[in-house]
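Both complexes below contain subunit A, partnered by subunit B and then by subunit C.
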Partner chain A sequence: MYPHERSLVQRMKDKPFALIGVNSDPKDKALGAVKRENLTWRSFWDGGSPGGPIAKAWNVRGWPTIYVLDAKGVVRYKNVRGEAMDRAVEALLKEMAETK
Partner chain B sequence: MKHLLRLFPVALVGLGFAAAPTARAADASVPAKLRQIQLPQLAFDGVPLAEAVKLLNEAAKTADPDKAGVRIESTVTDAVTIKTRAPMANVSLGTALAMLCASADKPLIYQIQADKVVILPRNAATIAAAKAVASGGAGGAGGDSRFSVGETVDDIEGEDLNGAKFKLSDYRGKVVVLDFWGDW
Partner chain C sequence: MRTLKPVRIACTAVLAAALAAPFVLLAADAPAEQFATLKKEYDTAYAAYLTEARAAKNPTPEQRAALTAKSPLPKYSPKFLELGEKLGKDPAAVDALIFTMRIDGRGANGQKAMERLERDHYNSPQMSQIVGMLRSFRTPAADKLLATITEKNTDPGVQGGLLMSKATAAKTTNPAEAEKLFNQIIEKFASAKSATGTTTLGELAKSELAAMKNATNFDIGKVAPDIEGEDLSGVKFKLSDYRGKVVVIDFWGDW
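And now, the complex of A and B:
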């Protein structure tokens, strides 16, 4: 997961795109992963364990859970991974560019 | 010097007590268990999946300091055989699950849920279910979180890993991949 998401973020760095995490680890473990894997994106810290306040509010019970949101905050894809995630992001960026 | 020698072990014991309740509270989640339970050895020599799952459940319970283990279930109905290439020593339960799926003679995936781990066949049906989830339909692996395709999500207000406050809505105007993740 890390290498794919790292390369997506790198490739989209000049585009109107952001990868935002919601992390369910104890903080030291989360920070350890950020350092070890050189993760550049920002994550909400969800209290240190699965079932934290954000996961609860969003009824997230499986990890990873992925949402792809458009510029208005509308869910456009769910649980797309790997190449499917890339295609989803590219499609939404294209749509944004065309409706500008 | 005498004082130091006497004080030092006392201080260590104190620390141990202080740290224990926090560590134990975090232990109970499935992802934490997958990281923390270490299996002394792992090898499946051509056993049926159902039996491998049973063995893994038992091994996890035995190796778990709390003796609770993790509930591992399989929804696979086909005959699947697990044969690991070489026995492994001291692997985490999470690694063991990945190995089990990778050592099957039919493609398998496993999914971490709040209270258990489910092993699923990786076939046209589960791929179709995943697609239904992606397009807002019900069901499928990890698909029933709160917002569906087409809905506007609620804002998230919180802190990042460095303690700085921010909001999901700070990123309106951008395409956002929101990734609920953990390092396990």
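And now, the complex of A and C:
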């Protein structure tokens, strides 16, 4: 998981793209993972346990859960992992460029 | 001194009798205690078994067989069954029988436990603990027990629990039916206790309905709600700060 996301973020660093985490760990554990795995993206902290307010509002029942939003903030893909996540992001970036 | 001695002996005798009597009484009169004692014994044995099983990484087939042979389940399921049969109509009998079916659901003792529950305890309010799982056993004894409880149990927690398990099962296959059933629970069984006893069926049904509604809000093609919060360093930010970008939102945990 971490290596794939790291490489996606690295590859898209000059594109209108962001990966935003919502983390459900106690803070020291989350910060430990950020340091150990060299995670460069930003995460909301969801209160320290699964079932925090953000996860609840977003109807998240399993981890990890992935949503992909387009530039207008519309949910376009759910739970895409690995290559499927790459394809989803690339498709939305292409769409953005075409509708400009 | 000479007069003290006999008194002391008498005292000791009375004390011994007093100590012995409640002990005997306890063993005979507190079925709940008997169940708790056996359960504790089982928990200890099971914890030890688990520790050993976890320690064995990549076991050979022989090692795995040796490990399986050490499982406390075959030793304890007849003990719980026996206790459940011995305790008659006591609620602790139901606890023991339910525990037998929990650890031996598809085995012979589990079936006997369910037959006994069907025969002697179908109207117990404790059935609310099992109505949710009975559907998944798919054995004749389980199906019969479920049918009898459905037909004859008069406890609102049990009948509400039955409706709850039906509604939960319908959530993915028939959402409209699930919604109808959750609303029925709110109407008829709102104040009945949940299986765990920690909340009411009304509250559970309401949260299920809210979650179902929320799930449809997250259909692909809808605008996601904003998130306002703090990052891991405590700096406030918003999801909407990233409008104009393609955003992957990753709900993650480091486990």
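Rule of thumb we're sticking to: the second predicted complex is superposed on the first by the 100 of 100 C-alpha atoms of A that agree within 3 Å, B and C clash if a C-alpha of one lies under 4 Å from a C-alpha of the other, contacts with A are read in each partner's own complex, and residues count from 1 in each chain.
FYI, contacts are C-beta pairs under 8 Å (C-beta built on N, C-alpha and C of every residue); 3 or more make two chains touch, one makes a residue touch a chain.
Every value quoted in this text rests on a predicted model; they were computed, and no experiment measured them.
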First (subunit B), second (subunit C), both or neither touched by A:G82: neither
First (subunit B), second (subunit C), both or neither touched by A:G48: first
Touching partner for A:I66 - first (subunit B), second (subunit C), both, neither: both
Which superposed partner A:A57 touches (first subunit B, second subunit C, both, neither): both
Subunit B versus subunit C as contact partner of A:V74, first or second or both or neither: both
Touching partner for A:G32 - first (subunit B), second (subunit C), both, neither: both
Subunit A residues contacted in one complex by subunit B, in the other by subunit C: 1, 5, 8, 15-25, 27, 29-34, 42-46, 50, 54-55, 57-60, 63-78, 85, 89, 92-93, 96
Residues on subunit A engaged by subunit C in the complex (per definition of touch): 1, 5, 8, 15-25, 27, 29-34, 42-46, 50, 54-55, 57-60, 63-78, 85, 89, 92-93, 96
Subunit A residues touching subunit B - in the complex, by the definition given at the top: 1, 5, 8, 15-27, 29-34, 42-46, 48-51, 54-55, 57-80, 84-85, 89, 92-93, 96
Contact footprint of subunit A on subunit C as seen in their complex: 211, 214-215, 217-225, 227, 229-232, 237, 239-240, 242-255
For the subunit B and subunit A complex, residues of the former touching the latter: 25-26, 29-32, 111-114, 130, 133-134, 136, 140-156, 158-161, 166, 168-169, 171-184
